[in-house]
Amino acid sequence: MKDIRKKLSELKELALKERLNIAEEIRQLESKLHGGNHNNNSAWSKVKLSRLIERPTTLDYINIIFDDFIELHGDRLFADDPAMVGGIGLLNGRPVTIIGQQRGRNLKENLKRNGGMALPEGYRKALRLVRQAEKFGRPVVSLVDTQGAYGGVEAEERGIAEAIARNLKEFFAVKVPIIVVIIGQGGSGGALGIGIGDTVFMLENSTYSVISPEGCASILLRDGSKAQFAASIMKPTARDLYFFKVIDEIIEEPAGGAHTNPEVAAANIKNAIWRELVRLMPLPKEQLLKERFEKFRKMGVFFEKQDAKKGILRRLFGRKNNR
Amino acid sequence: MKDIRKKLSELKELALKERLNIAEEIRQLESKLHGGNHNNNSAWSKVKLSRLIERPTTLDYINIIFDDFIELHGDRLFADDPAMVGGIGLLNGRPVTIIGQQRGRNLKENLKRNGGMALPEGYRKALRLVRQAEKFGRPVVSLVDTQGAYGGVEAEERGIAEAIARNLKEFFAVKVPIIVVIIGQGGSGGALGIGIGDTVFMLENSTYSVISPEGCASILLRDGSKAQFAASIMKPTARDLYFFKVIDEIIEEPAGGAHTNPEVAAANIKNAIWRELVRLMPLPKEQLLKERFEKFRKMGVFFEKQDAKKGILRRLFGRKNNR
Amino acid sequence: MSVLGKVRAWFRGEYSRKHKLITHFIKDGDERLFVEKKHECPACHEDLNQPELEEAMYVCPNCNHHFRITPWERIKFTADGGVFHEFASDLESQNPLDFPDYEKQIASDMKKTGLKEAVVTGICRIERKEVVMAIMAFQFRGGSVGSVVGEKVTRAMLLAAEKGLPIVIFTASGGMRMQEGIFSLMQMAKTSAAVNFLEERKIPLFIVLTDPTSGGTTASYGMLGDVILAEPGALVGFAGRRVLDGTIKEKLPDNFQTAEFQQEKGFVDAIVSRSDMRKTLSFLIEAHADAQRAWK
Amino acid sequence: MSVLGKVRAWFRGEYSRKHKLITHFIKDGDERLFVEKKHECPACHEDLNQPELEEAMYVCPNCNHHFRITPWERIKFTADGGVFHEFASDLESQNPLDFPDYEKQIASDMKKTGLKEAVVTGICRIERKEVVMAIMAFQFRGGSVGSVVGEKVTRAMLLAAEKGLPIVIFTASGGMRMQEGIFSLMQMAKTSAAVNFLEERKIPLFIVLTDPTSGGTTASYGMLGDVILAEPGALVGFAGRRVLDGTIKEKLPDNFQTAEFQQEKGFVDAIVSRSDMRKTLSFLIEAHADAQRAWK
């Protein structure tokens, strides 16, 4: 099994070098490799793994991956949200802006950090730092780890919807590469609010979904006890999302999960980020933005009777080239 | 006297048409015309007039000057500040964005509107509307009428300093004409926060100063009862500021003050705004920004021994041309 | 105006050759109009007379309650002559997650509403000014946003950007369509991304928040308008009240998550009655589209 | 680095021909350093030993209280080798309003501090990276901003923009200088306008808020840094506490208007101890100036 993975990884590098378009075939292979049994237990076990309190957090990874990290605070508008962290670090000596949700690593810290559920000011801080990165040509690494945006009255009062919407739009216009890594829970709009990027990675045992399995069970299946079943329906695992082409690549964790050896998990993330940044940094900004948009533009499954329409859509894409 | 004024006004139009540079001579003449006696009473009487509760407010002028005004609310961040109003109206059929502080016209309204003392969200609303105007090519009219920014704890908490600073910087970068009219009190940074423009007008009985005469008396003169004397020292009248070249022109009020005939005052404002917008709208954006900067750049009085420095300053200005 | 002239020519020729356009003429008595007849105001419980209510644009004459209406009613009240040229009319939802009963639910809503999905997109005129318009239907799966709604809204924005037409979106939505899982979440990204195409070309986006607008719709294009209008009393928020009431025990303000609350909090430019909506939109379209020309 | 090389050449040649540059070498024992000797910590009232305090960069070893220091001390702690090339050194204030006693006050502060005005501007290096630096002096008229301070800060920004050098401003100010009336207010406009020249050329502006920074200084360039640092415990606010306590009867939070309060409220990026300031600035300058080059 390990050998196959190694071979596959070699194949991928080769394909990249030779500019062979075998991405689709590799995707199929990998999807099978990462375990084929789509049953309740596998999805649910990932959900549980992704939520482990022992699982490394954003700051844990930052401390291992980046040298000389300086945390920068505040949205310059209302507050500094401890559930969202950010700053500047060096990745192999090159400056990078990092943002990410931060859970607590114990009960007390979790209280202070709202369990990694950010308020509007958290999303606005992230946007401020991303714009700062853009201004000075630094790429952005975004680490996603949240069950969702904070759902309280203050969040509504201060415009959590506006804050997420603004980020979604602005992240698509940022003229430096953005690498997203879902390291734990990718919960709905709260995750997506810092989840737009040129390359979206998921750690092997992380999850990403529009609603929690519990939420899905109680709202759609009208039976709160069916969370395990809901998890299997929602298809929130890295494998599922890779198959759906919603994410670009899965980053392996050490056997047993990232918490068993954070150093190894961090090294894998570091390699993946570095590889992508080396690829993305030289790209013309127009191409970067165009490809970022087109990737997300394709997400969605629907049926369209009239094929003629493809003509105008292609023209619309054509316009994008001139961006 | 009226005849002299009429002649002067004709002279100005002629000069404009013929592109004669007699601005300095006109300034001297006008300065004399608007009353020569710089005594305590004249400054203090203006201060009192500028604060009259009966004095027309921003919305009063908007309603007379603009057709089809629609008020637009909110900073899209935290709140809608009733002490700062804004929206879109038609000036002789052309769309214009209008912002301005709004006092209450009675005790109850004054309470709701914090007496026209805006909070950070007020300044951020103004900036949002100005940026919207810029995006769609509408010029901006800013009506200043405030004793200052709101000075409470909430203002500090939500960053009144940041909000004013941001506006100062951004107003200098806005690529549409901005006309400022000080219609009542121009109180310190709170006034300046919407007070940057290509043309700054003052109504004849309005005032503009870094601190209120009362504040000056108690802080600098250490005697709160010396407000009248302080007013004369501060030189806060339209005439003073016109002489200092801090404002560009004085708009006449009906005899006795604007409140005696708001329609006439409004008509004078409308004419002044219209004349300036007709002049400014066709200007290249680079010239507009350059002249806006240079006007404020010159404000300040100091002594410099070394004349050689002028060389490099001119070069610095030269760069601005390439903006 | 020659630009409008050109648009009209394009619209009748080039455009219709590439898109299948369905032209609707919505008039009184159109069978598409009345999804459900009302006999009582849900707000003040006043007995209502259907023709009178229709006359009042489905606004309670007693208490100003704005009823939820269908896209066809909205078109009748907004578009010149009730004429609406619909595009992307034949997109239909799939069931990418094999979610239990999802196909049945879609089929049933199609039958119930006569709509194919929770948004109708097209081109029409508002006081002679051509605009792209998208109108969401709360009647169809609670106006939830799946791949079809996301795609149609995105196409509407791209088309407006391409053709230089202003765009008006009436929202009415319970949020993302969870039956489509991660694909529905990604519609937030896709639609928000499309707003940049409008921005780039300085095409104004007018959002009208109608009752109810919540979840991912608010947290994407719903909050990205150059101007955001709302109907009086409309529920506008992010998290469902159920979530808020249930899991977080906080006392909610009286007007919590209403249009009025959102205006107070700075997120709504103006609250506009249904009877004033058409002329307000018309004014705003002119003030945004013609500013530079008007000052030339 | 060739850019720095060029700057150095320019600096020694072209620049000094046009500006009167005064090169300072600030070293221990320099007579410009000690404006006032301290024998007791104003925060914890611990007895202090002057050489030890100096060794600790005027930070109380007992309670971490950061003493107010003069521009020369700041330069000694920040600039490579204490070398500072001062420009615009001979600007002097006038009395445009004929404000009573103003000339006398200026003359007395000049004598007391050895400074000509409340800011010192120049060029120096921080860990080999050339920067423009402006350091305000609270010791001179409470660091208030009149025409001279506004002009010098503006020139510093324009020079940084012209020469492509990053700029660091240490603030320390009671606000605008009211004796210069409307002219002092206009310095807020002028200095804020100059920030656009930095932005245009993507020159980073680093603000370091030191005790105390308030009024118009906070409400102009003080809040416009790309990165805003603050020293621990520094008072940072807009309205004076006197105004707040006096006219508005509200209960103030414990840490009200401190650097820590401002960080909590989102306006300060990081609070940095004096002993870490030099290396923090050095790191930030590199991360901002060299990003695009580093990734090439």
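The chains carry the letters A, B, C and D, assigned in the order they are written, with residues numbered from 1 in each.
To be clear about the criterion, contacts are C-beta pairs under 8 Å (C-beta built on N, C-alpha and C of every residue); 3 or more make two chains touch, one makes a residue touch a chain.
Quick caveat, the model's predicted, so the values are computed rather than measured.
Enquirer: Give me the set of chains touching chain B intersected with the set touching chain C.
Expert: In this structure, the chains that contact chain C and also chain B are A.
Enquirer: Quick check for the class: compute each chain's Cα centroid; which one is farthest from the centroid of chain B?
Expert: Chain A.
Enquirer: Looking at chain pairs A-C and A-D, which one is connected by more C-beta pairs in contact?
Expert: Counting C-beta pairs in contact for A-C and A-D gives the edge to A-C.
Enquirer: Which whole number of Å gives the spacing of the CA centres of chain C and chain D?
Expert: Whole-Å distance between the two chain centres: 53.
Enquirer: Provide the C-alpha centroid distance between chain B and chain D, rounded to the nearest whole angstrom.
Expert: 30
Enquirer: What's the distance between the Cα centroids of chain A and chain D, rounded to whole Å?
Expert: 41
Enquirer: In chain C, which residues are in touch with two or more of the other chains?
Expert: 199, 223, 265-267
Enquirer: So which stretches of chain A touch two or more other chains?
Expert: 76-78, 158-159, 162
Enquirer: Would you mind writing out the residues of chain D in touch with chain B in their complex?
Expert: Residue positions touching the partner: 18-20, 88, 90-94, 96-100, 146-148, 150-151, 154-155, 158-159, 161-162, 176, 178-190, 192-193, 195-197, 199-200, 215-216, 218-224, 237-239, 243-244, 247-248, 250, 252-253, 256-257, 265-267.
Enquirer: Quick check: in the complex, which residue numbers of chain A touch chain D?
Expert: Listed in rising order, the residues of chain A that touch chain D are 68, 70-80, 88, 90, 93-95, 121, 125, 132, 135-139, 277, 281.
Enquirer: With touch defined as at the start, can you tell me which chain B residues reach chain D in the complex?
Expert: These residues of chain B touch chain D: 149, 151-153, 155-162, 164-166, 168-169, 172-173, 188-189, 192, 195-196, 208-211, 216, 219-221, 233-236, 240-241, 244, 246, 293, 296-297, 299-306, 308-309, 311-313, 315-316, 319-320, 323.
Enquirer: Show me the residue ranges of chain A that touch chain B in the complex, using the header's touch definition.
Expert: 76-78, 124, 158-159, 162
Enquirer: Which positions of chain D touch chain A when the two form their complex?
Expert: For chain D paired with chain A, touching residues are 199, 202, 204, 223, 226-227, 263-270, 280, 283-284, 286-292, 294-295.
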